[in-house]
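Have a look at these structures, which come just after this line.
In what comes next, chain A is part of two complexes: it sits with chain B in the first one and with chain C in the second one.
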Partner chain A sequence: MRGALALAALALAAAALPAVAGDYHVGVGLGLLMYVALTQSWTVLSGMTGYVSLGHVVFYGLGAYVAVLLWGEAPLAAIVALAALAAFAFAALIGLPALRVRGPYFVILTFGLAELAKYVVIVVEGWLGKFSRVIFGAPDIETLYYIMFGLAAAATLMTFLVRRSRFGRGLLALRENEEAAETVGVPTVRFKLLAYALSALIPGAVGSVMVLRQTYFEPAQIFDPVVSFTIVTMAVVGGSEDMKGPLLGAAGFVLLSELLWANAPQLYMVLLGLLLIVFVLFAPQGLSGLLPARRRTP
Partner chain B sequence: MSALLEAEGVVAGYGDIEIVHGFGFAAAEGEVTALVGANGAGKTTLMRALAGVLPLAAGALRFAGRDIAAARAHARVEAGIVLVPEGRLIFPHMSVAENLRIGAINPRARRDRARTADEVYALFPRLAERRRQLGGTLSGGEQQMLALGRGLMAKPRLLLLDEPTLGLAPIMAKLIFSTIERLSEGGLTIVIAEQDVGQTLGIADRAYVIENGRLALAGAGAALLDDPRVKAAYLGL
Partner chain C sequence: MTLLALRAVSKQFGGLRALSDISFDVAAGEIVGIMGANGAGKTTLFSLIAGNERPSGGTIVFDGRALAGLPPHRICRLGIARTFQIVRPFGGLTVEDNVATAAMFGAAQAASPAAAAERALAVLALVGLAERAGDLAETLTLSGQKRLELARAVATGGRLLMLDEVMAGLTPAEVATMLEIVRRLHREYGLTILIIEHVMRALMQLAGRIVVLHHGEKIAEGPPAAIGADPRVHEVYFGAAA
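What follows is the complex of A and B.
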């Protein structure tokens, strides 16, 4: 109950931000909501199944590319929806072969896949004679902010619902022991694939919004592996065992980077690296795991 | 007695390594069928192939008259074939209650899961005492009870037990065997693969001896117990 109130207060504050803050702070808020949406989505796959994706930027980049190709041809809402569907479909397609490998192999595979996609887009853009694209007449930041707010809320709701469902319990079982999950009757192949596709859905939409914010598309910059790394870092720092983990991780991380960029830019990466090590070693459940938790009842 | 499960010419293995080379047997409804043999004979491979965790390389498999050779593991669980795997494979970071709950994840068992859980707790009062304890913190015997209970949560028509007493203290093994007898008296069809040949043949209606992935001998459990070849090879008499 207290959690629900805190969440409602947060949502209200986020919804009111554009009315009270200037463009700079709305921009920071947009970045924060983007990472809430991305990290929440990521936990549906990696938090729940233990298949750690180090290439989630591929869905973000794909969504951005869809948006660039369709901008001016379709209304904004349709573009965001199609970007999400494209990412979902792509994940469903590559998931079947990709999810056959586990552990470090899956991590490396997802990373490589994102890099591969980046270079494929670069080559395709080369054939088309485009090396970068500028977007004209992009929506204003407030519009984009509210879309992103909706995506972050949807991603948070999704992780909450998945955790409570039969599907979510099946995912947790296969994270613990995939063979045991199979023997008790969890349709492991189908569940993993659905988790992968669901974890890609909202990141696709997020990419389409962010490319409209940047009004500029350059594949190497959009398919930036740092986005993937940041998602993983936020999940580690915040925790990925419940829906508040990604909220704490994204908020802590974005605030910290704002402070550091302003005060000690040369120490930024050093401190982030240290932070990650400290959390991995001393608080593997993340910030969320440090909070006094309500006892889980079976 | 009609056969609930019929296997014919089952071939199974891992990659290029074939372990079971064409094994056939039948499990009659309501009976205990034992698969006995030395370590490495192919019992576990066969059990995994029956459960669908391992694909069949060749052979036929019928359950209640239906061809299930191509069915995936979860479809077989839904049909009523439930494996309690070797090594127990419980979920160590989940509580006893959560482990049992996952056992009832198939749609057929889910509706009755509260009542089935009560039955499991009645069968193993020890699990009821520890229902909030994490699976990984249980003793070996308790983990075996949990694995068995988790299997029962799926409402099996055919229970496959792979080495249910492996590594257990004799008193715990005895408890597991007596539980199996109770389940059988309740009408459950059971296939058990065990290295404790003496006790297993004692409770089995029918038994099959597997050697190097092939059928070596078959007969009534009590008859095999008196068979000189079985005595020499497995009972050390």
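What follows is the complex of A and C.
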């Protein structure tokens, strides 16, 4: 109950931000909501199934590319929806072979896949004679902020619902022991694939919004592996065992990076690494796990 | 009525022939024991029936349906449940959730989480784990995890229960308890049971019929008394009589 109230207060504050703050702070808020949406989505796959994706930027990048190609051809809402669907479909397609490997192999595979996609897009853009694209007439930041707010809320709700569903129970079972799960009737192949595709859906939409914010598309910059690393770090620091974790992780990191970029930019990556080590060693359940929690009922 | 029929089932791992030409039937309501030294292919046989491994040849028919090529979760829903000799609990879930998951996804397909939990608690009471329902499965002792394996298999609601050495590593008192549980599952729940056991006395007491495997081949099949007197079985277990 207190959790629901806190969540409602947060949502209200986020919704009110553009009315009370200037463009700079709305930009920071946009970045925060972006990482909430990405990290919540990521936990649906990696938190629930234990298949850790180190290449989630691929869905973000794909969504951005879809948006750039369609900008001016379709209305904004349709572009965001199509970007999400493209990422969903792509994940469903590559998931079937990718999810056959587990543990570190899956981690490396997802990372490699994101890099591969980046270079494929670079080559395709080269053929088309485009080395970067500028977007004209992009929506203003407030519009983008509210879309991102919707995406962050949707991702948080999705995490919440999946955790409580029969589907979520099946995912937890296969995370704990895949062979035992399928032997008690969990359709592991289908469930993993659906989790993967669901975890890609909103990141695709997020990519489309962010490229419109940047008004500029350059594949190497959009398919930036640091986005994938940041998602994983936020999930580790915040915790990925419930929907609180990504909220805490994203908030903590965005605030930290605001402070550091302004005062000691060279320290940012150093601190990122240090925090990751400290949390993995001393608080594997993340910030969320450190809170005085009620009994965990997975 | 024949519930399970194996015909010329074989399994090849690369150049190794783990099972060759295995045929036998299990009638509904029977308890059939599987006996054999380590490496005889007993667990592989379970894996083939449950779909964890694909047979290299032969047919397995359960309740009139051919199982070859079906994935494990489909076979489970048709009504075959197995335990693992090396226990595989969902360690990070509670004992109750372990069993409720089986009730949700297995042949029973519990209609709601509440129904699954109710079923889970009933089965946990049967195996004597009711007090541990709220604890994480990884905190159970080996004996507890063996009983959890059994509870999870039973909760799927399958008609054929395959028990893979559920008594190995237990104390004599625990073995006696487990024997009683298996008997009740047979009598009160009407389950058909296929059981692998090294605890010979247990197998002799429980099984109406025993199949003996040796190096992947079936060397004998019959009632416990006949198996106990079979010279081929003696040869395999104790070496040839002088």
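Assume the second predicted complex is superposed on the first by the 295 of 298 C-alpha atoms of A that agree within 3 Å, B and C clash if a C-alpha of one lies under 4 Å from a C-alpha of the other, contacts with A are read in each partner's own complex, and residues count from 1 in each chain.
Please note the rule applied: a residue touches a chain if its C-beta (ideal position, glycine included) is under 8 Å from a C-beta of that chain, and two chains touch if they have at least 3 such contacts.
Everything numeric in this text was worked out from a predicted model, so none of it was measured.
Asker: Would chain B and chain C fit next to each other on chain A once aligned, or clash?
Answerer: Aligned on chain A, chain C clashes with chain B.
Asker: Determine, under the contact definition given at the top, whether A:Leu109 touches first (chain B), second (chain C), both, or neither.
Answerer: So A:Leu109 meets neither chain B nor chain C here.
Asker: I'd like to know which partner A:Ala173 touches here: chain B for first, chain C for second, both or neither.
Answerer: In the superposition, A:Ala173 contacts both chain B and chain C.
Asker: For A:Leu201, using the defined touch cut-off, is the partner it touches chain B, chain C, both, or neither? Pick first, second, both or neither.
Answerer: Touch status of A:Leu201: no partner.
Asker: Touch check for A:Val57: first (chain B), second (chain C), both, or neither?
Answerer: Neither partner.
Asker: Based on the superposed arrangement, let me know which partner A:Val227 touches: chain B (first), chain C (second), both, or neither?
Answerer: After superposition on chain A, A:Val227 lies in contact with neither partner.
Asker: Identify the residues of chain A that lie in both the chain B contact region and the chain C contact region.
Answerer: Touching chain B and chain C on chain A: residues 166, 169-170, 172-173, 176-177, 179-189, 298.
Asker: Where on chain B is chain A touching in the complex?
Answerer: 51, 53, 72-74, 77-78, 82-85, 89-98, 101-103, 105-106, 109-110, 131-132, 150-151, 153-154
Asker: Under the definition above, what is the set of chain C residues touching chain A in their complex?
Answerer: Residue positions touching the partner: 50, 52, 71-73, 76-77, 81-82, 84, 88-94, 97, 100-102, 104-107, 113, 152-153, 155-156.
Asker: Could you list, by residue number, the parts of chain A that touch chain B in their complex?
Answerer: Contacts found on chain A: 166, 169-170, 172-173, 176-177, 179-189, 298.
Asker: Enumerate the contact residues on chain A facing chain C in the complex.
Answerer: My answer: residues 166, 169-170, 172-173, 175-177, 179-189, 297-298.
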